[in-house]
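Take a look at the structures listed below.
Common to both upcoming complexes is chain A, partnered first by chain B, then by chain C.
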Partner chain A sequence: MPTVYSPPVSTYVALATTTLASTTTELTFSNIPSSYRDLIIVANFRMSGVASATRAQFNGDTTSGNYPTVWMVGTGSTAVSSTDGGTSMRIFGQNAGPKTVGQMGIVQIMDYSATDKHKTVLVRYSGADNDITAQAGRWASTNAITTIRLFDSGGQSYQIGDTFSLYGIEA
Partner chain B sequence: MLLLGVLAAQAEAAPAAAGSYDLLETEILTGTTASVTFSSLNSTYGSTYQHLQIRMVARSDEAGSSNLRDLRIQVNADTGTNYAAHVLRGDGAGVYSNAATSQTSVATAMSMLPRPSNPTTQFGAAVIDVLDAFSSSKYSTFRILGGAKPDGEDQIWLGSGLWMNTNALTEIKLFANSGNFGSNSRFSIYGLKGA
Partner chain C sequence: MSMTLIEHIEVGSGGAASISFVSVGDIPSDYTDLLVVLSGRSTAGANVDGIRIALNGSTSNLTHRRLIGGGSGSGGSASGTNGEIGLISAANNTANTFGNCQIYIPNYRSTSAKSISADSVSENNSTEAYQGIYAMLWNPASNVPITSITLDMLGGNLVQYSSATLYGITAGSDGTTTVS
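Up next is the complex of A and B:
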């Protein structure tokens, strides 16, 4: 039987947010508490040029193969599904190309604090000049997530005015 | 590099009074179960919340092949052929679309439940939105983002479900197309208030 919370627990708590005052090639959410169940990243951004993809890395883990991912992407002319792996998780922008206008993405990191599960990640991403994507990934670690590093694998910069927010969801 | 520390005030604060997005119920399985049901929804929450969201992390207990098992949704104990569903999905090789009408549940190709051939640390996940869940003038619609990436399997999908009845939701039942949900699966339901 489900546990009923009475009164209900207000959640969707803003843990960190930033509006960039200068360009940067990467940003990191750090000191993430383990007191929530899920994390949500909400991003609204542009890149400085032809970008590859925004990637995420958890807890500084650079182990190759720890970030298996499957996605499907529509570009306006084709619909494609593929997989990825490597030393980080590709999250925003599966179609390499210009990302200099509005890009929006929401990342659901499920059970991020559970120490008996790998971390399942679901992503919806929309690139106004590029593609629309849905994605499922897994961080192959049972460690609770304490840091999330976001960066573009092509070395492009996020722009002034870009916003990135991290929310905690209780369960 | 920009370092965004988590704001200490938010991180350490006690839960606030109920706001616009509230955790209502959670079930974490200590064993296997055929279904998870959230009940008494309208009587308990209908006067306060407008929309519902279910967040789940789950796996299957059904041994055999490694194919992922599918999610099914049934509401108000209605087992009639009053449901329809559509899915846009990718499996790492191609993008496909599935549809099913006149079904006994929201059901089509919503594959997301790893099976015992995958390690017990590997789960699938879904976020299910039910807008206007307590309206008595609309059919109930479900918008779902789901998928899984356990070893050897690949599924990501966008799902749309429909219950062709205008009754307010009193019960939401989640189950698999075959087998049971596995141990340590987690199901949480949230209420969203209207303005």
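Up next is the complex of A and C:
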């Protein structure tokens, strides 16, 4: 039996946002409420130089193997597909290369507050001066996500004026 | 509500050369990002046609990279400067079948270079159907807020019943979640 909401329920709810006032190598969304179905992160950023990739960790989990990922990348001349794993999830920018002009990434985390399943993550990264990717990943934990840490694995810095926003999706 | 419908445009009888949101600069300034969703079919005599975007009336200073798949092993990655932001169905595709494209523009009011992301597909009841993801950078000599968005086709015109919808997205806080 479908559920009809009357009156309609507001969805795509803004949870947190930041516009960087100083450079930083990482940032963390914390105290994420469990009252939504999915999460969406929208990032619009640049890096301080040749960078590796932005990576994500959930709830401080650094367990090796808990972040399997598969992606396809277009560099503007070649198309590649590959996989990754490790102690964090690689999300933005699969090629080490210049990211000093505007980059953007959208991360969708499905059923983030569920406690009976691993978490599926879909990522679209657009770097017009570097590469473009579509990616699927999994956080191998049944814990609800309460924190999301974003950082660059090469130690590069996000720049003043970069924006990172988190939204909750009702369902 | 963080996603708000701003404007919906539908192409009427006879088709149209383009769809334009001309009053972007007039919309309330409390939106952070813009989202454009296009459903379209081109008159071009092909299985697919490219969607071109113009910002503030210009297709200059637009660079893109794309990754596409053609359903029959064709596809790959390419780059360009012609304003191409997606692919949709064209005249040689299955009748009455439209492609679609979603274009996300963060921080459209900023005075920095604009990074744009797009996903698109040309539907076809045959092997040759395309899916494409795009990254675009708008970086003119003087970076200004986006005040208008125009979509047209690289090879033809938009047919009747093509449509585009503009949404505004507002970032903010729920008072509980923090970021640092």
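Following the convention adopted for this analysis, the second predicted complex is superposed on the first by the 171 of 171 C-alpha atoms of A that agree within 3 Å, B and C clash if a C-alpha of one lies under 4 Å from a C-alpha of the other, contacts with A are read in each partner's own complex, and residues count from 1 in each chain.
In this text, contacts are C-beta pairs under 8 Å (C-beta built on N, C-alpha and C of every residue); 3 or more make two chains touch, one makes a residue touch a chain.
All values reported here derive from a predicted model rather than from experimental measurement.
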Chain C versus chain B on the shared chain A, clash or fit after superposition: clash
Which superposed partner A:I160 touches (first chain B, second chain C, both, neither): neither
Partner chain in contact with A:A128 - chain B first, chain C second, else both or neither: second
Chain B versus chain C as contact partner of A:S77, first or second or both or neither: second
Residues of chain A touched, compared between chain B and chain C (which is higher): B
Touched partner set for A:V101, first chain B, second chain C, both or neither: second
Partner chain in contact with A:T18 - chain B first, chain C second, else both or neither: both
Partner chain(s) touched by A:A136 [first = chain B, second = chain C, both, neither]: first
Which of chain B and chain C A:V42 touches, first, second, both or neither: second
Touched partner set for A:V50, first chain B, second chain C, both or neither: neither
Doubly contacted residues of chain A, that is, touched by chain B and again by chain C: 10-18, 27-33, 72, 74, 79, 124, 134, 164, 166, 168
Footprint of chain B on chain A - complex, ascending: 1-5, 7-18, 20, 24-33, 35, 37-38, 68-72, 74, 79-83, 108, 110-111, 116-118, 120, 122, 124, 134-138, 142, 164, 166, 168-171
Complex interface listing, chain C residues touching chain A: 1-3, 32-33, 63-67, 75-79, 104, 106-107, 110, 112-119, 133-137, 139, 169-174, 176-180
Residues of chain B that touch chain A when the two form their complex: 1-7, 10-12, 15-27, 36, 38, 44, 55, 57, 88-95, 120-127, 145-151, 154-158, 184, 186-191
Touching residues (chain side chain A, partner chain C) in the complex: 10-18, 27-33, 42, 44, 72-79, 101-104, 106, 124-129, 131-134, 161, 163-168
